[in-house]
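Scroll down for the structure; my scribbles are underneath it.
Going by the order they are written in, the chains are A, B, C and D; count residues from 1 in each one.
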Amino acid sequence: MESFLVLSLIKAAIVFAVLMTTLAYLQWVERKVIAHIQVRPGPYRVGPHGLLQPLADVIKLVTKEDLLPPYVNKPFYLMAPFLAITMALLSISVIPFGPILHIGPIDIGPLHVPAFETAMQLTDLNIGVLFILAASSMGVYGIALAGWSSNNKYALLGAMRSSAQMISYELPMSLAIAAPLLVSNTLSLRKLVESQAGSILSWNLLHGPFPQVISFVIFLIAAFAETNRIPFDLPEAENELVAGFHTEYSSMKFASFFMAEYANIITVSVMACLLFLGGWVAPWPAEYGSSFVPPLIFAAAGAIALFHGLNAARKRDAYTFPVFGVVFLILAGVFLLPIVQSWLLPLFWFAAKTGAIIFAFMWVRGTLPRFRYDQLMAFTWKYLFPAAMLNLLVTALLVAWTTK
Amino acid sequence: MQLWLIPLLPLLGFLINGIFGRRFSKGLINTVAIGSVVFSFAWVLKTIAGMGDLNSSVTEHYFTWIQSGALNIGCDFFVDRLTIVMLLVVTGVGSLIHIYAIGYMAHEGGYYRFFAYLNLFMFFMLMLVLGANYLLLFVGWEGVGLCSYLLIGFYFDKQFATNAGNKAFIVNRIGDFGFALAMFLIFRNFQSLDFATVFHQAPGATEQTLTLIGLLLMVGACGKSAQIPLYVWLPDAMAGPTPVSALIHAATMVTAGVYMTARSWVIYTHAPGAMDVIAIIGVATAFFAATIGLAQNDIKKVFAYSTVSQLGYMFIGVGSGAFGAAIWHLVTHAFFKALLFLGAGSVIHALSGEQDLRNMGGLRTKIKFTCFSMIFAWWAISGIPPAAGFYSKDAILAAAYAHSPAIYWIGVFTAGLTAFYVSRAMFLTFFGEYRGHEHPHESPPVMWVPLVILGVLSLVGGAVFNVPEFLKYVFPAVVEPENHALVMISIAAGAIGILLAAWMYVWQPGMADKLAAAFSAPYKLIYSKYFVDEVYDATVVKPVVGGSRLLLWKGIDAGLIDGIVNGVGGRARDIGSAFRLLQSGNIRSYAAWVLFGGVAVIVVMGIAGGLR
Amino acid sequence: MLQAVPISWFLTLSAVLFSLGVAGFLFRRNIITVFMSIELMLNAVNLSFVTFSYHHKEVAGHLFTFFVMVVAAAEAAVGLAIILTVFKNRATLNIDDVSSMKN
Amino acid sequence: MDVILFLIFAAIAVVCAINVVVQTHPISSALSLVGVMGSLAVLYLLLGAEFIAAAQVIVYAGAIMVLFVFVIMLLNAGAETRKGRSLMVQFLGVPLLIFFLGLAAYFVQRMFPDNTMVRFGGFTCAGMQTGESCGGAETVGRALFTTYLLPFEVTSVLILIAIIGAIVLARKELE
């Protein structure tokens, strides 16, 4: 009992720390990506290649004056950001990041821990998918309340738009989720991944009686809308409603909305990765040398960094690049250690897949224009929803046909 | 062997024309209507070809239609030689008449409606013929009744047409009532309505039962085949378009009664009493109808009465046990009577609507094809060899003589009368000088080609199709004494009739009117059809109408039923107005009431449940 | 200190929630609030359904709850549409103003 | 542990429910109702009804109540006006309610003596061995598509009708 509690606390701490850093750095990454899409360096001043930019932002947001506009509905105004961020972070608690770990007996001085095994996951609900759906569906309240309570017509409009949009896009998203669930016949995220074990061909995206390409696309589209990202970011359409539902928010409250948005992005990307891309499963089995891919990548990165460091284009690079190079090479080495491989490799693949999807988010933001509101609604109700329905139907039929 | 296809094709034709006909062009309507009938005729031929030697009958079961208790009615079709004869007549003559109708109806309104009805009629008629049990037969029976009603009243904007349609419908209901009773009796005694079962068990039943059944069936047959006392509807049925008169009221439907009685010959052969009744009715009908026919001036009416009288002959045949001969006469009659009607129609068409014999005459030069083809029919009906009518009528008369000479003599006299009035009609139409004002014009080929075909058939049909021979194994053999005297006598009767007519209407014009003046009282009597319609009107129609108006309508419907209904409504209103006081319009008070009720229910349940 | 929850507690809780819903229905005047009280009652009933399902070791109760939810969803859709229409036509949400059914 | 959980969430539920009734502003009531539903979901989990708990949050809290909030925002409904009264309610309501509650509690106590105890994960069905959860999606789904297929279909029709009705009611008046 106690050991369970302790373990959960440790895991929670780790996950929270990692998540928070990721959230902070995602923003840096996004700015970089968009900058390079728009052929400009992006954040560059704070730290090498602006690596310390998130830190600066955090400091700014924390130290900024937290002003409370008059005529707002106080309790809800204060409650909204917390709701948003809570609901956003809640779903992380059931996401499996990797396989079950077998941790040998540890004897470090006074600390004696017998051998035990634990999942790289906070908790394994056997209705995990439903839990995530529930949490994401609760996410609307944060936005709706924020918009309503801040007693500002722009905010209200933004909030109503976003709640309508979220309700509408939840349907195709749920249907798109249901199809791969049918294929791998479980609601527990861990079993879901285990059912896709093997190679890329056994992922739900390509495997099964009916490859789930369609539902993958539908899921991504709906995910863009659920997270209020371009091209569906009408709730905070700058040129129409100053900043949408969080017009009246500043400093940490604003930050928490921001974090909530990024946390949602991570959640949906992770969901896509788990549902369609086989979670932490390598694209091809280890016996064909999939375990050497990460070291190779990192080694290559390190080599390139070193090369650029040796003949530096700018003076500062001569100091920064070699550091990166060395770090990368060390990482490559770490990946070769057999003790850590068992849990590092899955994490790598998991992160790689999720990262790819997140990159897609940023890419789209850098390229696509924004929908008009009626187009948005018409799109989901007239095309997305029927398509998802049809896909689910076909999948169900084929599954029923092929099983026994 | 896909018997279902035979009736299905006309049904399809009906559906297509009935639903889309309004938008179709005439050509398309013709294609559908004629095509369906001709195809089913072809299918009949194929079926016969597929049956090899026709000694064994074929039954096809499609599905169980009604299943309740012992009653088990299947939708089965049944083919034996008798059915084949009927099928050939119905589809063959039917196709010819359909083709003829193209020309005749060319200028009429409701074109698609007409052909849709006609196809529907074909469907029901084929159901009637093919049905393997009395109920299926009855379905067809009622169906043809319905179609005849629809087609008689085809010109529904004319009062007399609709009246005639209603008359036909109602009079037929009387007959069908008898038929239905007969079916109940059959089921009660044999626990089945299938022909096979019934006829297999029939010999075992008591004679009274069979006689009763036979008589009831005969009532139905009288209704459908226009026998005394139910013949009154047929002459009025001439209000319909002439092809209808030819197809329904001469060739096929009216012979359904004969077919039905012949089909149930087993019952009749074991019920001689019923057979005698049939024979007597037949001869009476034949004679009376013939006499009426003497004095009619409407060409179609003349032929209508002659139809009635010929049907009487068929009943004589059935009644005197010569089922084969009856069917034979049915066939030949289908040929020559259809021809006579179509010819009459052609004449009417030529005179653009003129139907009165007194305004015709001398048409033989003007409309040759019609004239010559009709002359064959004239021979046939007058029983002059070698025309078709001679053989069949002669066979019937011979059987009648074997049965009872009295019937034979009346029959012969009637034959003479028949010959006389048909000849009268022919002479008045085609000979002498033209008395009308219209400008006669020959009908288009689409009309006269069928006439010619029928003409050939009515000339050689009797000799070629020896129906009794064909049906030898279906019906019990009849002893036919080879008695040439009888043959001679009947031929002589026909000849005398013709000559008399020729003398009165060709050589001595005006003689007819003198005679009519001389015998004015009997002339009046037959001219006005023995006042039968008036008698029926006084004895049956008026009392029924009055009774239903006074008792059923005023008394029961308006008084009792409406009283009850209004009373209920009134009480409901009173109660409602009492409860209306509760309606404060305040939803929350309603809710409070609901809560009150709920609590009350819980308390009651608790007390009833003894507070377990 | 008992280790498990007596089943009657659940049922009592459900009864309490239900009566609160009724109270809301009776004493509130805002149509939307009244409607929400109905939902509250439904939830209370659901709780007792699930509890009975636990009591009888039967999954049936869950099914009933499921159906209640579906019906509640349908009801909410129609009901809110009705409320919108009422508001559009009468510009009021007070339930006592909507009493044109009175004689 | 179970008892503590139950007490916590029961307390939350009751407090939120009271809040639903006493709050004058619809949106406060709505959010309190969401609170009730959330705590009920936890109680469902305690009773071993995982699927129902998830459905409760998704359908009720996530869809229906969002709809409510949406409508409240749309109509911009303010605090309710205290006018209009009903004698019926004033004089009959409270005593009836109290009587009803007492009655219900009494019956519960009478009909359910505390012989069944609710333990977390203690929910087992007749045909299943202990440990295997009975309230999971599998069991509910199987029952839904075999025993309760007809009601299920009927409900789908009902929903269709509801959709059409809602559209008809809420659509713009076509002049």
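We take it that contacts are C-beta pairs under 8 Å (C-beta built on N, C-alpha and C of every residue); 3 or more make two chains touch, one makes a residue touch a chain.
Note that this is a predicted model, so its numbers are computed, not measured.
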| item | value |
| --- | --- |
| Chain pair with the higher count of C-beta pairs in contact (B-C, A-D) | A-D |
| Inter-centroid spacing, chain D versus chain A (mean Cα positions, whole Å) | 32 |
| Length of the line joining the C-alpha centres of chain B and chain D, rounded to whole Å | 72 |
| Chain A-chain B separation of Cα centroids, rounded to whole Å | 85 |
| Shared-contact residues (touching 2 or more other chains) in chain D | 51, 55, 63, 67, 74, 84, 86, 89, 93, 97, 100, 104 |
| Shared-contact residues (touching 2 or more other chains) in chain B | 584, 586, 588, 591-592, 595 |
| Junction residues of chain A, two or more chains touched | none |
| Every chain pair meeting the contact rule | A-D, B-C, B-D, C-D |
| Contact set on chain B toward chain D in their complex | 584, 586, 588-589, 591-593, 595-596, 598-599, 602-603, 606, 611-612 |
| Complex interface listing, chain D residues touching chain A | 27, 31, 34, 50-51, 54-55, 57-58, 61-63, 66-67, 69-70, 73-74, 133, 136-137 |
| Residues of chain C that touch chain D when the two form their complex | 1-13, 15-24, 26-30, 32-33, 35-37, 39-40, 43, 46-47, 50-51, 53-55, 57-60, 62-63, 65-67, 69-78, 80-85, 87, 93-97 |
| For the chain D and chain B complex, residues of the former touching the latter | 84, 86-89, 92-93, 96-97, 99-100, 103-104, 107, 110-111 |
| Chain B to chain C touching residues, read off their complex | 580, 583-588, 591-592, 595 |
